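In what comes next, subunit A is part of two complexes: it sits with subunit B in the first one and with subunit C in the second one.
Then we have the complex of A and B:
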């Protein structure tokens, strides 16, 4: 009897499940539907695909001078009342903006390279001991520079408002570029019978990392001052590359680095044209920065390492190599002054004496 | 093909666009315009996305709208391209980058004195090098040889 009842109940249960498959399922809520600031947006991909800047249309493309919101609300979405604020301290556009950010983001993710498999490592050949040591020392120095860049970007990125997501996304690619540079330089140093050299005193690295007055201050030191110098170092290393592997690494680092400088210079241009005393602040910062940079140029080991690379060894370093390095520094200071001038920063009159000396040859 | 001539540049463009293996510059998009100043001749080049979109002979005025211009003595152009013909690509001392460093004033300048646009030479350095390296597949003679 009990079996019969049980069997009947099971049959009813199976039947009811068929009749009402949603039984026990919570009722979905749809009140979020229709909550939008702008609907029916249909951006059509251009000849280069659908790029980040292409979808900056209508209200989604409005980038305010000040971003009130302290949440992760994506720009253009509907804000939700009651979300606790996050510690985004950079909320003014002039503190981080560069018009080129969206384009640079696209460029960075397209122009990627893979050190593990794309660098022709089999082209490495044994170099004279002094030259190998110099190359490895440069790998050590540039690794520290890349590491500093990575750390200072991530420090400030955390404080940047989501209203300026293009900048945050672009800077994410810049940190990845830095990580890739660290990887490639380390691999070069450890793959040809050498090894890493001596750690830099890091005077300029420290002023970059300790720039607490804002992201713009960090950009002044990181890109305008030291970054401009690194461009010249990379072009020098590329011209003196000993094999295809080095040429590949330096040429790709140069392109990555040039992208970083484009953001840096563009941001400084934006800051100097949208904040009253920005150029004057930059001028003050650079007076301090030049002193540290001058000390590093004089005391550091980069000069002798580059001279050995240019001169093909210690013997050539004493003549041709050092001469060529000094020309490189002169070119760096010329570039630096040109960019300062374009940014409305007067550095020529009060240029650091050591810089002047390099400039005069 | 005679260098410099519009036909020569067109031929190089075809080679460059036809074989992605020639693109070592990260394999990504390159969007820029540049000018080449070769002796008395001027050329306008445009890279768009993955391709060289156009290259043509132009006037001095046309160069003003470019991001940057590459200018070097005719004999340096010839030395670079002869080296490319001989080795399949530029030797390290005859790349655009090396020549830029060797010459007192460099080879890249902005026609409107805009450092920002001039820096595109560094950002897209490998695309331009790849373009000229592609000329290794174009049989080249030089105007100075009387051809």
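Then we have the complex of A and C:
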């Protein structure tokens, strides 16, 4: 195909294209004509439009295990020698890949939401002071979690090679999701007679942010450990939502978060099946991470706030509110162990004693 | 069942945090545009520190804990370094104007094009598939480096990262949807000094990215009616232009804010603009520039085929002229009009030569 196109280009009458040099207009050289690795590609939109995964056809869909190129050469396009490299340091597929990335990217776009105009803010009603404080404290905590997620994704994003652009694009949606969560939570905290609470001590945020050895390591802490817990928190908050505004926010955050976890778990699966000692590294990281998570759980601010929300106030928090929160933590640890098992990470035998205690009830 | 088992267990509850809430009694109310970021700038929550001491990642206005870990080594922690007046507005607009390249482009209007035209379109799409995400990679990096106290500016950049992902994607889809394919990369954004990627200061980066780079692309996208061959392409350029206008506005508003709040940096900014202006027409990053292969492709598209190259080229000059004019308008709006009057900038002369 390339030859056919070049010969067409050569047949152009170049002599007739002399242009005024004072305008800086060179005679067209058409050097670019015919320069393609694969031509005649015609992807037809399906019932859901023209999706990112649809255009992964022929050589354009080939995703190599290692991406040498440190430029922004689009996958499948013709390279150009002599381009100074950019600092793309994640160049192995196992360092970032998840098969679901292209689908998650499109899903995120279809499921976008707008806190300003779609949350039914007029459904907010004055809550008892202790309950409002608990809701606002949870908004503060979850904001800090979203902020950590935003900062760790954006730290890694520009180090990811162009060859794996689907992941970069999916992570762009996750970046936007995090920004929107920061926005929505802040709006909720500041719109019902409350305010923000006290910042988290940041034990788990710290282990996530300090995971600068590799993106996979950050994903272990961000999604497998803390993300699994956040799903349970959001599910709990949704079930105890005080009004339609809260229900809208929590349910949409859950949808966003479900995509993030899908990527996270899927990536860890890919890493553990494509790199020899990946599962062992994850196991080591989790042994350390569980201790930090356990310490954070014991600090009790989130537990106390969730118990107040579940118990409808401080009084109920001391009894059934806290019982319900403890069940939530037990469910989280059960989920966590199930996913570890699916990923081939052995955590049951050496599970942190505090985790074991929660599990036993 | 014994009475004891029916009694609910009493748990200890630490409620000390309840005495440490931040400013209390805040009730922001939605306005005509819903509950916007501007609406929640109430009380201390709307106060922006000129220098942020937030090194722990807490939300602005929340109560600080003395024992919190100092995990945020934020390079950008001075307001003038990143701030702009209308950040809340730009962010809310970005949310309202998101679109989907899968479903909002009338792909069915693509019809087979003559080979030269399809090739020209595919070269342009290859160029954009390559360079669009420079504006995703780079702002992303700066989000991670900026204190969360400047949430509104960071959120605008997050929206930009999202927009650019969609731009990268829409051009890839176009290249692979109409009997063509990707072509040769340009190498326009690569690792050399003076490139958008390697700037070590936010404003330097923003000047190159938002003002000159995206500014030139915005003008071009706005003229997509002239070179789009069908409704799908015209829609693609129109929607991208809408997004780019916000990105460019960020740069202009930031520069204006910086020049007002940190006048000691004006001369440094003038130097960035000197560099940018050298590259405006001569650099590879402007797809309509003199050195770009893509400008040949653009002339083919504008003319409707290689046999009408001359005609296409005349229209290309119109695009370049408008790029220069709009560039000057933006820089004037940012507060740097002097350079066009005191002879420092080559742009007025370039503009006059295109008349």
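Observations, loosely collected:
Just so it is clear, the second predicted complex is superposed on the first by the 334 of 361 C-alpha atoms of A that agree within 3 Å, B and C clash if a C-alpha of one lies under 4 Å from a C-alpha of the other, contacts with A are read in each partner's own complex, and residues count from 1 in each chain.
The working rule: a residue touches a chain if its C-beta (ideal position, glycine included) is under 8 Å from a C-beta of that chain, and two chains touch if they have at least 3 such contacts.
Remember, predicted model here, so these are calculated numbers, not experimental data.
In the superposition on chain A, A:255 makes contact with subunit B only, not with subunit C.
With both structures placed on the common chain, the touch criterion links A:133 to subunit C but leaves subunit B unconnected. In the superposition on chain A, no contact is made by A:123 with either subunit B or subunit C.
By the touch criterion stated above, A:265 is placed in contact with subunit B alone, subunit C being left untouched. Within the superposed three-chain model, A:48 lies in touch with subunit B and with subunit C [touch as defined at top]. Considering which of subunit B and subunit C touches more of subunit A, the answer is C.
By the touch criterion defined above, A:110 reaches both subunit B and subunit C.
In the superposition on chain A, no contact is made by A:89 with either subunit B or subunit C. Once the two complexes are laid over each other on the shared chain, residue contacts for A:231 go to subunit B alone; subunit C is not touched.
Taken together, the two structures place residues 48, 106, 109-110, 112 of subunit A in contact with subunit B in one case and with subunit C in the other.
Listed in rising order, the residues of subunit A touching subunit B in the complex are 47-48, 106-107, 109-113, 231, 235-236, 238-241, 247-248, 251-252, 254-255, 257-259, 261-262, 265-266, 269, 328, 331, 335, 338-339, 342. Those residues of subunit A that touch subunit C in the complex are listed here as 5, 8, 12, 17, 19, 22-26, 28-45, 48-52, 54-55, 57, 60, 70-74, 76-80, 82-87, 105-106, 109-110, 112, 114-119, 121-122, 130, 133, 136-137, 140, 143-144, 147-148, 150-155, 157-158, 162, 165, 168-169, 172-173, 175-176, 178-180, 182-183, 186-187, 189-203, 205-206, 209-210, 300-301, 304-305, 307-308, 314, 317-320, 322-323.
Subunit C meets subunit A in the complex at residues 8-15, 17-18, 20-30, 33-37, 40, 42, 45, 56-59, 61-65, 67-69, 71-72, 91-92, 95-96, 98, 100-103, 105, 107-108, 115-116, 119, 122-123, 126, 129-131, 133-134, 136-138, 140-141, 143-144, 148, 151, 154-155, 158-159, 161-162, 164-166, 168-169, 172-173, 175-187, 189-192, 197, 281-282, 290, 293, 296-297, 299, 306, 309-310, 313, 317, 353-354. Against subunit A, in their complex, subunit B makes its touches with residues 24-29, 31, 48-49, 92-93, 95, 97-98, 100-102, 106, 114-116, 119-120, 122-126, 129.
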